[in-house]
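Here is the structure we will look at.
Order of writing sets the labels: A, B, C, D and E. Residues in every chain begin at 1.
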């Protein structure tokens, strides 16, 4: 009937274009840039005194002037963050498994974890320093203590959220607890785990700084404290800005890992736009 | 064939006995009690110096002696915690909805939230105190800032984890975004939300203390700091213990609310024992 | 060669140049010592660390040493040498505010922090200075916010060690304001402040090590006094965040608490029984301690040579 | 009236490759007619319904409903999904009322109607149960009630009776016919039962697999009102036979292809 | 051999009330026999299979398999659930291999077998797809392959062909019969199709609803090997008719009850 009756193969609907993907990757940093511009304008417009909130450009110039030293402190903090975070990730998994093993264990263990999490780490610092020595261990321990709890809670919630039908399937196969965990519960819990990791990685940044406040000669936490003590507000804010950037970068790294290795758990793209 | 061919109605399998339920409710506090006993024994056995870690009995006697004052400080802290937490709960829901509205918004907003969360609140304190005045607002603000992030992340993860089939069902009914959210996404996200609330409530305790460290003339944070300054270590630890108990009590309250109002989201009992 | 650690009481602002130059000038090495200097978290924390053996020596306020020793059975540390023979406590006010003495504080907003010694000592000076401490309006706030709030006019006075005046004032000057200090020492607060502390165990087992350490420190105090510019440069090398100029400003003020009429009278590094008594009376009254204790029990006087 | 015009549907698989689910599909469903779709598993029946419902946009071609081009879901459509997709936290009654809630319509009045529908589906007394407390077939019946609650003029039903036993299936078929007759709806109904298709439909659409195409549209001239006694009618037999032949022939052709 | 001895099953509903799903059920399934279970929706068929599999303990009575009392799941049982319950993150192939993985057995060798099973189910070429990329019927076929992967001597199948079209259903039936004949398995098979039940079974168990009871166990004497051409046999017709009569009579009785 129609002339083009035998039309060609239908084409695939195009995926997101390269430009769009690049924009999306750049988005977080554009947002941060926007914030800085706003900040600079606000400081100038409202004449906010620099000892209170210095302008970004001034922060930049004062921080850049001491770049070697700032770099050293940044590396020290990064190290603390990573050790503490890795420790938290490694320990919270078995803890979450333990907590989900039975309601009785959960009721007994959770309060102890809550204690550790809800008391101020600053108060624990003296005990930790004496117990672990005046080296990098106390601040790694503090980082760990600050960030492990959300991980345990999220992983445990994920392990328990598995629909009954999957568990029945496992049981029908006589799967051992461990295999059930590994093959079904953990994969199912991935969105929960990553929500925990996202919280934990940013908390690790906070934890490292708190650790450096109380037990360190170096690191951005120390730099913030000492610059504040010396009334070097721009330098202190320089350290804070670096911390924020570390936080965003690590957060984005977690997001990227989730996207790369667990695409089925990232529902963003499926439902939106 | 058999004599008892017409047996009576089959009986319901019995639910968990009252004794078992009572034990379960008491479990958290038994665990805490056990911890105290262990602590007392350890302090005595290893002769841990009292300026580092006083024994529970001594903490009790010194704290109890000042019970009126300690009670006043406790109330002040509780108030800060609750205001901060309620604020966080109220604000994080719309934030999570915003963040899940589109991937572009998420990529732009998350970094800003990460900034707020990953920079040390202690460093923000001066700005907050100067901006909000030396009253209770800065410490409520700090409590809020400390605990809202895990809520946003968890709620957002939950809103996005809804299976495609439910969303399709909503779309087939031409549900508005708001109704889809209210009827489907939020109920589905309940386990995520509660995992966030559990983290947030304990973080609120930490946040209140941090807030009181920097800007308060009352509250347990103030008590810890001033007792420490005067070397009243047992009193400082008394305040810490009270904090821990507040943390556990609030955590258990969240757990109880989850059990009471969202029994379908609490999978504990279904799969275990 | 003995390896020891000196635990400071706070973050090393410029006045701490009196310690750091001993490393660069080799004063410690001369005494066969290899010293690490750690920043501190307040006198209380320093005492804990020294008592627990995490650090061999510490810098701590003698008031805290006295309090700690009575409130805790296990915090067995003593002061082995005075550093500040006068208290560095002061209140910063803005020039032109009309406040020049404590009487002028009545009805004014004065900043404080939890457990702040400025707030605790002030009532003790009331009688001598004829003012009513109850009329002072204390505002608890963040230490970091204090300076800003003062310059902003949210506080009328802020408690600071006088050593911080120089660099705070520099900021204020950029806004055409000037900070003035009302030093407690000038209004009758007679007491020791910073001291070097060591644990009882150490004092008993290794007095020689302490002697060597104190000797090196005395040399470095004197050197810093005589070479202030050079000491500030050394300090800046250890702490690049602090400009030489700021370090110098702080050091200059700090030295007035190390070297002054009291020091001249009692000789550098020596406690006098009479001033110890005054100090303890003060501490005991503010902390409700037993007044009948011999203040000599908090110090060891025979390890530092007088010079 | 539903008009499907030369529609292609291509899915992007996980590896980025395209999966052609529908190829050059055209179909016209008259207003108030009952059309059944049969075809082998995976031939694109569910995809076709989702396209009509506006749940997914077609890769090529166009679809219009009542003369309006479909570019999203419409309120006048009721959809029974292949899986029940009941909300596990809501009671059976709330699940049935869910479309009204989602549309923001009042639910107090239609409560009675929901109870009636549930009774019709043999679920009286189960209103307050949770979906997890129902058997598979009971869940499916709840899903059918849900699609009927707002009395939509167009019904898209994807194997709605798949999990029902023979008897319940027959009863539900007759109920559906009654509702269709009384309230004049347009129904597109996917089924695997040839006799069910012939019993219900004005037209049976036979699809062939990979890529999904419409093989033939067969008119069913069996007189209405229909019942199961007509299964012996020659016209019924003839249509059933034709449909069966088509399906088997397709399969043979597919098997013979290289 | 499966021996079910006076089993009651009561569920505790959300409101704490008891729901009697099975009442005084006794049944003996001989080793290597093929038993089909039919009955109205909600009569307790799935519950019965789950009891035999040891997934839930019976409220009263006892069940034994091969002479051993059932107190938990057993490796020698393969289960096809009513819903496919495929793991959404695992490929089709991995889903088929999942029982082996969960049992901690090697999966490299059985890979070939998994591919064969998938090919048998008409899913060759879909090995690397995710379950979400398959149609409903395709998912169900994957679930069948999964139950067969470890070649269990006992197969419990809950409406395994429910979502399949007539043709695929016939093909899968014949495949199942072939496997059953070659490897001598004991199969309990829930279905809603009476003709399917009669085609497959040595015995058809007819259940009645609320509370679920076994109404009658009917021996099917149609000679083996069977095929669809036997549907005209008098014995086939007789058994089908009996089953149908029973089901309809039950329904009538239920409707007549007060």
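Here is the rule we go by: contacts are C-beta pairs under 8 Å (C-beta built on N, C-alpha and C of every residue); 3 or more make two chains touch, one makes a residue touch a chain.
The model shown is predicted, which means the values in this text are computed figures rather than measured ones.
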**OP:** Would you kindly count the fewest steps from chain C to chain D, each step being a jump to a chain that touches the current one?
**Re:** 2
Original post:
Across all chain pairs, which one has the most C-beta contacts?
Top reply: A-B
Original post:
Using mean CA coordinates as chain centres, what's the chain A-chain B distance in Å?
Top reply: 19
Original post:
How far is the middle of chain B from the middle of chain D, if each middle is the mean of its Cα atoms, in Å?
Top reply: 48
Subject >> Inter-centroid spacing, chain C versus chain B (mean Cα positions, whole Å) >> reply: 41
Original post:
So what's the Cα centroid distance for chain C and chain E, whole Å?
Top reply: 84
Original post:
Could you say which residues in chain C touch two or more other chains, in rising order?
Top reply: 48, 52, 144, 148, 152
Subject >> Where chain D touches two or more other chains, by residue >> reply: 14, 83, 130
Subject >> Contacts with 2+ other chains: residues of chain A >> reply: 52, 126, 130, 164, 228
Original post:
Given the complex with chain C, which residues does chain A contribute to the contact?
Top reply: 49-52, 66, 69, 125-126, 129-130, 133-134, 214, 217, 222-223, 225-232, 235
**OP:** Would you tell me which residues of chain B are touching chain A in their complex?
**Re:** 24, 27-32, 35, 52-53, 100-104, 106-112, 114-115, 117-123, 126-127, 130, 149-150, 153-154, 156-157, 160-162, 164, 167, 191-192, 194-196, 198-199, 202-203, 205-206, 209-210, 213, 221, 224, 228, 236, 240, 243-244, 246-248, 251-252, 255, 267-273
Original post:
Which positions of chain B touch chain D when the two form their complex?
Top reply: 165-166, 168-176, 179-180, 183-184, 187-188, 190, 262, 264-265
**OP:** Spell out the residues on chain D that touch chain E in their complex, using ranges where they run on.
**Re:** 11, 13-15, 19, 38-42, 44-46, 82-83, 122, 128-130, 133-138, 141, 158-159, 162-169, 192-194, 244, 247-248, 251
Subject >> chain C to chain B touching residues, read off their complex >> reply: 42, 44, 47-48, 51-52, 64, 67-68, 71-75, 113-116, 138-145, 148-149, 152, 154, 287
